[in-house]
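The next part holds the structures, each set out as C-alpha cells.
Two complexes follow with subunit A in common, the first pairing it with subunit B and the second with subunit C.
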Partner chain A sequence: MIGTDPPDDHAIATHALCKRYGREPALDRVDLRVPEGEVYVLLGVNGAGKSTLFRMLMNLERPDSGRAEVFGRDTRRDGPMVRAQVGYVPERQDAPHRSMTCGRLLQHVATFYPAWDDAYAAHLVRSLEIPTGKRIGELSKGETRRLQLVLALAHRPALLLLDEPTDGLDPVIRRRALALLAEHLADAPTTVLISTHHIHEIESLAGYVGILREGRLVAQAPRDELQRTVRSYQMEVPDGWEIPAELQVSRRSRSSAGRLARCTLVGEEREVIRRLGVTGARVRQVSALTLEEAALAYLPGDPS
Partner chain B sequence: MLVTLDPRDDRPLYLQIVDQVRRALLVGTLRAGEPLPSVRELAAELVVNPRTVSQAYRELEGEGVICVRRGQGTFVAPTIHPERRQRRALVRGVAERALTDAGRNGLGVEELVAMIRKVAREGRGSAGTGRVRSAEEEGAA
Partner chain C sequence: MPRLRDVALEHLRVTGLGLRPAIIGALVTALVALGVAVLQGVGVGTSVYLHAEPPMLPGLMGALLPFIIWGRDTRTDLDFLWVLPVNRGRHALVRVFTGWMWLMAGVGLFALWVLTLVLMSGSSVLPVETLHVLTGGVSALGPLDPAALQSVRWAPGPQIWAVPFVAATATYLLGSALTLGTRHPFRWIAAGMLSVGLIAVVGDAAGTLPAAGWVSRVPLQLLRSLVSGPRGLDALLTARTASLDSTAILTSGARVNVWSAAPRMADWRTAALLWNSAGLLALSAAIHGHRERRGG
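== the complex of A and B ==
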C-alpha cells in the first residue's frame, strides 16, 4: 500500500473499520483518511464496499468493529450532528415521498437546513433541468440522480458524500453536473468524497484516490503520487524471471512474449529500474499511465 | 484562452495549466494586459478542483507573468516579454520531457541532441527555423 498520512486535518478518518455480511467481509480494517478541502475519489468494482462505507459515515449502518469520524465527531455517537454537515447522494434510488412533486420536496427539505440557499437551489434546478412538477415516484433514474444532487448541494454542506453521483446521467448532463461541482468548490470550501467506477469522468477533479478491493483499502494516495509511482515497464528478462514481489501492484499484472515482458509496477521509477536490474531484467521502455490506468492496476482482472 | 489537460501527462495538473498559459503567451493567443478566466470559470471549464487553478495562478503570479487586481480579476502582466523568460521556461519544459523520455529508452543526451539536429536538417517541417509555432507543433508530434 502506498501513501502515508497527510499532515492536514482530516474531514473523514476511519479507524480499522470492519463490516461483515454473513461470512463475506464488506469492509476489512479500513483506515480512510480524507483531508479537509480535498476531492477524494474512491474507486472499486461493484461490491468492493464503497456504498457500505458511505452508509457507515452517514450512520445508516453500524460497523462490527472500528469507528469513523467526520470532522472529529464519532459518526455513531454524534450521528445527527454529523449528518447536518453532510450532503449525501446515496447509490440506491428508493426515495421516500413518492407522491410528492420535486418542487414540493425541495421546499420540504429546505426547512431542515438553516443554510439552505434558495437562489442557489433555483440555479441548480435550472442547470440540471429538474422537472419540478413531476412526482418523485415517476422520475427516471437520471432525474432522481439530478434531484439528489440538488438536495445535497443546495445547503452548502462542509462535506459532500457522493456515491456514484453521475450514474444514469447522460453525457451532457454529466459534464454539466461536474462543472457545477467545480463551481461549488470555488464558492465555498468543501470536502468531497466521491465514489465511481468511471474514474475517467472525474479524474481531473481528484486530489486524492483511494482504491477498495474486496473490502480492503489497497491504495490511498494523492493523485500525483499515484500517477508518478505506478508505471508500465517493458523489459528484457532472463529465463524463469519473476516480478520482484515488492514492486507488484497486484498479482495478474504481467504479460510476456518470449524474453520480453511488460508489467505495471509500483515505486519511484529510478528505484524500480535499479531493483529490476538486480534481478537481471533490462528495462527497455517506461510509459506513464493515466490516473485511470494506474488505478485499474490495483483492481482484479486488470489485463495489462 | 484554450487550456486542455492531457490525462497521459503525469505532471501535476497545476503545472500543466502553468505551461499552457506560458504557451498561449508565446503563440500569441494571450497578450500582455489581457484578462484571464477567473479561477471559478477555468475550474468549471476544465472540471478541476479550483484549488488546482489557484495554485497555477499563484505560480504564474510569483513569476510576474500574471497579476491579480483586487475586485477586477486576473490579467496578464502589462509588461510581459514572453520572448525572453517565458521562452526559456517553455524550452526547458520541452527539454526536460525529451530527456526523461530518452532516459527511459536508454538513450544518452549527446545521442538525442545529435538526432534532433539531424532530423531538423532533413527538413522535418520548420523546426530548425526557430519559429515558435512550428517548434510547438514539432514538440507535440
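== the complex of A and C ==
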C-alpha cells in the first residue's frame, strides 16, 4: 500500500478491522489513521466498505475482528463517550420521528448534547433553509440531508463523520453546505472523515486521502504525497514493449502508430523514469494529476 | 454526556407527543362512554363493579402501547437512537420506563372513569358481591335448576383496584420485549395466533377421537392453562372474573350470571408475579440484544 504513516495524534485509528457479510468481505484488515485536525477523504466505489467503516466507528456494526479507536477511546468499550464527540451524517437520507416537526427534532437532539450551540444551530437552520415547522415525514431527501447536517454540526463535535453528505442536495445548497463546512472548520479545530463521490467539491479542504477497494485500504496518504506519487507519463516505446511488472499502473493508452504510450503510474517520479528507461522506454513528458485523477488510479476501472 | 434525568424527561415529553392523538381519543371516548352510561340509566340503585367494565382494556392498552412507541421504528429510528451519546441498554430502559409512565396515566384515567360510574351508581368502592356459584358436577350448558346454585359472598378488597395497573404493566413489559427484541414483531404475533388456532382446532378434533394421542391433547391443555388457568392470562388481566363467570338460563326462564367458582385474589397475586417476572426477563433479554456492541 502506498502511503506514509500520519502523525501519532490520531483522531481515528482502526487496527486490522475486518467484517464479512456472508462470504463477501466488507472490510479486510483496515488500518485507517486519521490525524487530528485533518480533513480525511475516504474514497471508493459503491460497496467498497466505506459506510460499513463509518457504522463501525459509531458502534452500529460489530467487527468480526480488529478494533477501532476514536480519540484514543475504544469505540465498543467507550461507545457513549465516543459518540458524544462525534457528529454523524449517515449514508441513508432518512430521519427519525416522522411525525415530529424539524424544529422539535432539533430541540430533542439538543437535549443529548450539553455542548449544543443554539445560536449556531439557528445559523445553520437559516443557511440551509430548514423548514422547522414541517414534519419529518414530509421532508424531501434533500431537506432530510440538510437537517442531518445541522444535527451533526450544531453541537460542534471534535470529529465529523460524513458519509456522502452532499448526496441529494441541489447544486446551490450543496455549495452552501460546503461553505458552511469550511466555515465550521475555520471556527473550531475539527477532524473530518468524509466519504464522497464528488472529490472535486472538497479538494480544497482535503488534507489526507484514503482509498478503499473491495474492503481493503489500498492507499492512505497526505493529499500532496498522493498527487506527487501518482503521475501521467508519456513515452516513446520500442516495438513489443510491455510495462514493467513491478510498476503499479492504473491507466494506459497507446498511439495508433504504436510508438507512443501514455500511462498513469504510481511511484516516485525519478524511480519510475529509471525503471522505464531500463525497459527501453524514453519518457517524454510527466504530467501532474488532479487529486481526483490521482485517486482514480487506485479505483477499479478499465486500464485499456 | 447528557444527564440521565434530562434524557428521561425528554423521552417522557417525546413519547407524550407521539401519543397525543391516542390520549385525545381516549379522553373523548371516556367522556362519550360516561354519557352513554348516564343515558342507559346508570344511577343510584344500579350496581357497577370494576371487573364488570371492559376488564381486558388495561391489559390491551399495555400490549398495544409498545407498538406505538417502538413498533413503527424503522432501522433509521433505532440507528438514530443508538448513535446518541447514551449507553444503549440504559437508553432503551429509559424509553420503556417513560412509556410505562404514560401507560399508568392511561390506566389511571380508566380507573377514574370506572370510579366515577361507581360513585354515580352509589355502589361501594370496595365491592362486596354475592355470586351464584355452581355446585360441583353441574354443567351450566342447559337450563339450570336454581337449587344447583350456591350463594357465595365475594369481597376482593382494595387490591381489585390494582388489577388493571398490574395487568397493563405485565402486558406492556411483554409487548416491549417483543417489539424491542424481534425484527418483525407483527410476524411473531401472526405466527403465535396461527399456532393458537391450530392447537385449538387439532385439540378439539382430537377430543372426538378416542385414539388421539397426548401429542394433540397436551398442547390444548397447556393453552387452556395459559389462557384461563389459575395462573393464566385471565387471572392476570381480570383476576379470573372473565373465565369463571358465564350467563345461564334457569329452568324458570330467568337469565342469571353464574360462576363456576368464586375468584381467589391469591390466584391473581401469583399470576401477576409470574407474568410480570416473565415480562421483566423477556425485556432484559431484548435490551441485552441492543447493548453496546462489545463482542467480536
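Just so we're on the same page, the second predicted complex is superposed on the first by the 289 of 304 C-alpha atoms of A that agree within 3 Å, B and C clash if a C-alpha of one lies under 4 Å from a C-alpha of the other, contacts with A are read in each partner's own complex, and residues count from 1 in each chain.
Assume a residue touches a chain if its C-beta (ideal position, glycine included) is under 8 Å from a C-beta of that chain, and two chains touch if they have at least 3 such contacts.
The structure displayed is predicted, hence computed values, not measured ones.
A.B. asks: Kindly say whether there is room for both subunit B and subunit C on subunit A in the superposition, answering fit or clash.
C.D. replies: In the superposition, subunit B and subunit C stay clear of each other.
A.B. asks: Going by the contact rule set out at the top, does A:79 touch subunit B (first), subunit C (second), both, or neither?
C.D. replies: Touch partner of A:79: subunit C, not subunit B.
A.B. asks: Using the touch definition from the top, say if A:58 reaches subunit B (first), subunit C (second), both or neither.
C.D. replies: second
A.B. asks: Return first, second, both or neither, reflecting whether A:15 touches subunit B, subunit C, both chains, or no partner chain.
C.D. replies: So A:15 meets neither subunit B nor subunit C here.
A.B. asks: Report for A:39: first if it touches subunit B alone, second if subunit C alone, otherwise both or neither.
C.D. replies: The first partner, subunit B, only.
A.B. asks: Would you check which partner chain A:29 touches, where first means subunit B only, second means subunit C only, and both and neither mean what they say?
C.D. replies: It touches nothing on subunit B or subunit C.
A.B. asks: Output check: A:275 vs subunit B and subunit C. Expected answer is one of first, second, both, neither. What do you get?
C.D. replies: Touch status of A:275: no partner.
A.B. asks: What's the minimum Cα gap, in whole angstrom, linking subunit B and subunit C in the superposed view?
C.D. replies: 27
A.B. asks: Please report the subunit A residues shared by its interface with subunit B and its interface with subunit C.
C.D. replies: none
A.B. asks: Once bound in the complex, which stretches of subunit C touch subunit A?
C.D. replies: Residue list for subunit C touching subunit A: 1-2, 6-7, 10, 14, 17-18, 72-74, 76-77, 79-88, 292-296.
A.B. asks: Quick one: in the complex, what on subunit A touches subunit B?
C.D. replies: Listed in rising order, the residues are 37-39, 175, 178-180, 182-183, 185-187, 200, 202-205, 207, 224, 227-228, 269, 283-292.
A.B. asks: For the complex, give me every residue of subunit A touching subunit C.
C.D. replies: Its residues touching subunit C are 58-65, 76-77, 79-81, 83-84, 86, 88, 90, 92, 94-100, 104, 108-109, 111-114.
A.B. asks: Note which residues of subunit B are touching subunit A in the complex, please.
C.D. replies: Per the touch definition, subunit B meets subunit A at residues 5, 7-10, 12-13, 39-40, 43-52, 104-106.
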